[in-house]
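Chain naming follows the written order as A, B, C, D and E, and within any one chain the residues start at number 1.
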Amino acid sequence: MTALLSVKNLSFVKKPKSRWFKKSKGFTLHPLDFELNSGETLGILGLNGSGKSLLGKLLVGAEKPTSGEIYLNGQKLLGDNIKQRCLNIRMIFQHSNESLNPGLTASAILEEPLILNTGMSPIERQNKIEKTLKLVGLLSEHRFFYRHMLSDGQRQRLAIAKALILDPQILVADEPFAALDPSVRSQTINLIMKLQQDLGLGFIFISHNIGLVRHISDRALILQDGKVIETGKAEAIFSWPKALYTQKLVNSHHSLINPKSN
Amino acid sequence: MYLNRAYQILIMCIVLTLSACGKISSVNINDAGIIYCSEGNPTSFNPQLDTSGTTSDASSHQIYDRLLNFDPLTGKIIPALASSWLVSSDGLTYTFQLRRQVKFHSTDYFQPTRNFNADDVMFSINRWRLPNHPFHHVSGGKYPYFTSLELNQKIDKIERINGYRVELTLKSPDSSFLANLATDFAVILSKEYANQLVQQDNLQAIDNYPIGTGPFKYINYKKDRYIRYAKHSDYWRHDSAVEKLIFDVTPSSSLRLAKLITGECDAIAYPSQSELNVVREREDLTLDEKPGLNVGFWAFNTSKPPFDNPKVRRALSLAIDKNALLETVYFESATSAKGLLPDSSWAHQVDLIDTSYNPVMARKLLIESGISDGFSMDIWAMPVERAYNPNARKMAILIQRYLSEIGISANIVSYEWSTFRQRLTEGAHDSVLIGWNADNGDPDNFYRPLLTCAAIESGTNRAMWCNPEYDNLVNQAVLYSDTKDRISFYHAANSVIAEQVPLVPIAHAFRYRAHRSELKGLVINPFGAIRFGDVTK
Amino acid sequence: MRRIDFYEDDLYPSPLKHTWQEFQKSHIAVLGMWILAFFIVLIVVGPFVMPFDPLLQNPNAVLLSPSWEGSGSLQYILGTDSLGRDLLSRLVYGCRMTLGISLLLVMIAMMLGVALGATAGMAKGVRSSILNHLLDSLMAIPTLLIAIVIVAILGVGLVNSMWAIALALVPQFVHNTREFVRNEMNKEYILASKLDGARKLHLFFYCILPNMFELLVVQCTMALSIAILDISALGFLGLGAQPPSPELGAMLSEALKVAYKAPWSIALPGLAIFLMVLSINIVGDGLRAALRNRLTQ
Amino acid sequence: MILRTLIRNTNLLISTLLILSLFSFVLAFLFPGDPLENLSGLTNLSEQEYERVFLAYGFDQSYVTQFWIYLNKLFEGDWGLSFASGIPLWQELSLALPASIELSIYSLFVSLMIGIPLGFWAGFKYHKPADYSLLAISVVSYSLPIFWLALILILIFSLSLGWLPLSGRVSLLFDIPEVSGFMFVDIFNSEIDNKNAAYISALKHLIMPTLSLTIITAAIIFRLTRRSFIDVMSSQYIKTAYTRGLSHTQVILRHGVRNTLLPILPLFAMQSAVLLTNAMIVEFVYSWPGVGNWLIQAISQRDYPAIRAGMLAVSSLVIVVTIMTDVSAKLINPALVGENHAEN
Amino acid sequence: MALLDIRNLTLEIEGTSGWMKALDKINLTIEEGEIRALVGESGSGKSLIVQAIAGTIPENWVITADRLTWKGQDLLSMSANERRKVMREEIAVVFQNPVLSLDPSATLGEQLIESIPRSLVDGKWFWQRAAQRKEIAIKLLHKVGIRDHDSYLNSYPNQIADDISQKFLIACALVSSPKILIADDPTRGMEISTKTQILKLFTKLNQTRQLSILFVSHDLLAISSMADSMTVLYCGQTVESGKMSQLRKRPLHPYTKALLDSAPSFRKDLPPRTPLATLEGSMPTLQHLPIGCRLGPRCPRAQKECVKVPENRRVQEHSYSCHFPLHRDKK
């Protein structure tokens, strides 16, 4: 069986540049491989500057890899074919607030990918929008709302709706919960897990929150400075971390949970 | 020395800090000089070269003297550099006895070593008379006043009898000859200065850095800004002139009046007719007014079609309502002109019939001459105010309106004054609103420069009109010294003009000059330029 | 006053409507808008209600003072000028001309400027920096200077001065659009649309333009007041509209010749320009404040 | 970092000046008439003379060479002659430009002295009557058409009250040689007897033009300052400064003022173009012998070399001022110096 | 005696539809040497409480309290000057987003040094005082764990990392040896290692200097390791307050429980990939406040009585405001 998504030898090099007396830092993402099956969640964990967001961008096509291939259902994804990619791999951004256009209503926001990527008629589009809104737990009245009229949780749901509206197979989420309040966060996590089950989505979850990654991922991938430190079953990694770096991360997480007296 | 500088800096700072404190009592330095707000830039400082009033104002009576002068009050010819003169009985030979002890200006570019004498007279007249004179071609080599009157042709010879006596012989008698020598244009230059310039190979300077015998000497000139003169302390006539004379070049009449009110000018040229009452009403200002020897007219360029057709010209003359123009442009400070001569001239023809406003007739004439669907033409309007036309642009706008009624669309064209005149002389215009200020009281001074063939060349015939019949009449007229004989010739000339319409006479305006009341001795000279030699404050 | 982000208004207006609500809170701004509306109505219906042709000269009624003064007549409410033309009609036509042309110019400049600015804002690398440099140098040249140069090439006249002013207005639009677009391009919602496969044209018209609308309106009011001032200044200096056309600046300079006899003929055109610019500026200020309020909420 | 800013901006300056001089070169071809005459200012030349000038300007060679020769001539100070006066343009400009600069500097100075304190005051009284009235006054004054304002000032102060002269820089009765072009300097260096009277006369001539410019410029500066101050005072670090126990005065003096002025300094530079435009109009109304008046005269006289040179001089001046202010604002603003991610 | 004692603090704000109670009968006490966590989601009014204590509430808002005392002195009746004196000498505040809290145009050194009050330096001449100030500043930096003081003192805020800025702000706050440090979400948006460092610093300061800390946050992960006690806010009301350990073990209020449950890390017993317990819906806005217990509409245990405002009940050191608390039904 071919994996839903398989990444082979993916790497990215940005050379340090020095032009006009201005230096820009370089960054290297060392070659990495992983696979993702449908219904499975891959957690990517790392600190700032570890390259985890870059990896997300490479997957959805916002950046072009230096080398390596990405296969979807065994079919190679081409770098310049945005359409092919966005029908299948969709991104959920960290700040739902910023990833939604403030000047458009919810229905216009949701309609945009449909206009760009499908040949649906306006009525079909409206039906699809309504369906998707319901799917993420919003009401069809919400389609007349602008971004600023929605609460945090509703915004995040709308962002998810925007990701789902093209019926993708894979969701890539870059820190989707970091800016949310705890209760809203729980709601959203539940929603995503439910959708994943219902629709059989592959889910790539990029975060620095060990607790969350551990809870929702099947497998995890630990990144440091562009290198894969450790990869494997999430449970195993966090219970028995092998790499020193992972141990450090897990320990600092534990020190937060447990009261100081302990 | 250092202390002095420090003190100045201190004063400067105090002045700067006090700036907001309103009116600061100023030290009165106003007595030291006179500021005259003139209306434009002179083209040079030699009135021989130019008939424009601006040039004459800036030089004729300030920097130079003539052999003879007009008495500004009576108009009689009085002695100037020539203390006396003798006319032979056949009217051909004139002998001038020159004044002694007349000193030329001493400036930083020229220091005279001798007084004025016959050589200077010979030089000055020969310059415009003889085409082979070394200075004849300097500054363009055109002497419009003299050539338009054909004076250069008329003089047979000029001889130096001795250092202070000169004899002039004409080819034919000319009753207006002495008057011409008294005009603004017949100024006396310095031969010695000319010699110096020849050595320096800088002939042009004679017209731009002038040396004369007049009450003021030239200090400097900034185009569009000012001309500075200083008192000529060895002036032969008197010692009453003020220390400084400044011409403040101010083309806008409203600005001139404003400056007069604030005291930035002591006297102004051409107060706008519309605002004369302002001057009349104020006690600190004085308005001088005199009927002027002038005519304002609308001349057609008869060398260009369709204006070469007298019918078209007549049509145009019928299309405008002169009375309306008089009212709105001159504010009734002028009389309607039927012919070239103003009422005050002895040759004025009382029974001359004025053209009337008749657009129907005008249209008919146009159709007769084959122009039924109109055409477009340019009206050139002077950018400056003149006594004979205080607001040519406004008049042009009015005429534009009248012309549109007979199907002619008119463009109004205007350039800076000296460019304007230059291009007029080239004949680039279709029609022009301009006029003529007499330089002397002789009717010849109207008829000859305005419409004779010779005047096309010299650039005063704005109609570019050459009519042998007319020329003949005008030439005949000056051969007689009896006014009755001459009048008949001029009346005949009038009918030629009325028939051919090379130009439409519009108005004879009054002459005005406004000055601050503390200024004494400024009189309007009906025959020419302003003179500040006798003015005191 | 500080507002706190979680206490949102009961009503949920669209961004545009929200700005409008904020705008209406300022009475002065609304007043300014009414004055502006009055001017706009005037320039539309003016020709139908004015008693005289602005070019009609009446030699019998030269320099009449306004009707409330001594020599005034009710026929000419605001008096006449030195050629006997009705000042009221001339003023109305003048406003029509000055404001109408300014509106036209601003529209042209806006379209040009936004197109260029959007291109510059979305372009990267050398092309964008060359464009930026060119724009910066263009912006540094004073309007009047551009006008003088154009007038020198093409000759004096209203149309030529319009070219000059339109040219001078464009850089402002380009600059602001460029900044805005460049700012927006870094935002996540643009990235999101890009990942949806949006092309640049779509990005600009579908995503950025709706958010830019108010900014453009504000920018237009600024440009409009500049255009009015510039057109009338050029008319005044004799470089723009030429007499007898009833352009306010040209009227003013014509009136200088009769400044003493008819001071109202200086006062009135100036006042008209001033009121137009003032109302536009007030509206612009109000809009800017409303926009700021909306964005900080 | 500083070096980088300097070099970048020097590059910018040089390339912009180059573009401007190219533009002025092209103008000579765009203007009506003979490009050679428009470049050199020499008219009515005899055939030999024309030939000589033709070669001197490299008109027998490619446009690039011509431009190169033109650039060289610009550097040598040979900007051609004026059609109208026949005087070298460089000489005319070196008198006209200082007159404009003098006027602009004085009014900028006064505007800053008025606008900045009032801006702070209004920002301090944010949403109070004092703020509202100052704001209203500022809207009114920057909506005034400058030429009308100047005329009204003349009507009031010159014609009705007779306090102030309405044209020129100093009474013409003072024969002050124009050397530097700056009136007070020239008076100081002149040899006339009555210098103090001349200072006073120059000052009286200065008041109204400065005032007309100031009314508009000060309003703009006031608004910039006020807005900036309000923004700064509502920022987090000002609140933090208060909770750090600093007194009101300390907070405003140490943090408020500096942060208010730093971001608006470059905006003042942007105003220099507006200021100069206004100054040019004011010059026309008050017959101030500056570059604006000079250019407007040049238009009416079809003096193309003068327009070409004036355009180049004025726009170069504005560019230099803008870039210099920009650079100095960057150099003294630590928030910009330290920026690692400067754009393009 | 409690350092800070707040009893029934109510804050009313005028909105478009009349006056709204942004804070409704808040109770909060902080003992000497205690670290108290103030927990609530955004919009619960945490920052308003901080503002009320610091005295930076806008003048047109109405603030009332039965008690708002600092060491027994009533803060509300103090004059502005006295209040500022207390703020300067005894209460220090640190805000979230350290970079915005620092003047971008002044070096860190300048800002730290100007915070040092005149009373701490006794030099006669200004250069002596300047030297003393610098010495104090360096000491302070060492205290907050910044060693490389020279380079940081001369840096501008935009040149340094978040955590260093926050440490600087803490150093500024510590200048006058305050009794209490109010930290308003100081670790918001920081990543885990940075967060740990700041939290460690707080703990250390609390232990070594007997510094009381009011730690305001929504981030349970940050709080639970260091706080002694916790007060939970919901929508402008205090819902529960008590010892940290007790609250974690046996929360009485349904909201507290939901909050704790939302962090999977606290629930070792929770199998991976199972739904988290949540409360339905979201926090109401100020215009739509429910009557009585504001959690009412979302509360799984809500009954009719919940339309009345629940009283504040106490069980030893543990107080709660709920009609139907958890774990208590059986009794």
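Please note the rule applied: a residue touches a chain if its C-beta (ideal position, glycine included) is under 8 Å from a C-beta of that chain, and two chains touch if they have at least 3 such contacts.
Because the structure is predicted, anything quoted here is derived from the model rather than measured.
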| item | value |
| --- | --- |
| Selected pair, greater C-beta contact count between A-C and A-E | A-E |
| From subunit E, the most remote chain by mean C-alpha position | B |
| Subunit A and subunit D: spacing of chain centres that average the CA atoms, whole Å | 55 |
| Subunit C and subunit D: spacing of chain centres that average the CA atoms, whole Å | 24 |
| Interchain centroid distance [CA atoms averaged], subunit D/subunit E, Å | 54 |
| Length of the line joining the C-alpha centres of subunit B and subunit D, rounded to whole Å | 41 |
| Interface hub residues of subunit C, defined as touching at least two other chains | 1-2, 8, 256, 259 |
| Junction residues of subunit A, two or more chains touched | none |
| Multi-chain contact residues (two or more partners), subunit E | 42 |
| List of subunit E residues in touch with subunit D within their complex | 54, 56, 84, 87-89, 92-93, 95, 97, 100-107, 110, 114-115, 117, 155-156, 158-159, 169, 172-173, 175-176 |
| List of subunit D residues in touch with subunit E within their complex | 235-237, 239-247, 250, 254-255, 258-259, 262, 333-335, 337-339 |
| Complex contact set, residues of subunit B against subunit C | 252-255, 257-258, 272, 274-275, 277-278, 321, 324, 327-328, 391, 393-394, 397-398, 400-401, 412 |
| Subunit C residues within the subunit D interface of the complex | 1-2, 28, 128-129, 132-134, 136-137, 139-145, 148-149, 151-153, 156, 182, 225, 229, 232-233, 236-239, 249, 252, 256, 259, 263, 266, 270, 273-274, 277-278, 280-282, 285 |
| Of subunit D, residues touching subunit C in the complex | 12, 15-16, 19-20, 27, 30-32, 127, 136, 139-140, 142-148, 151-152, 155, 234, 270, 273-274, 276-277, 280-281, 284, 292, 295-296, 298-300, 302, 304, 307, 310-311, 314-315, 318-319, 322, 343-344 |
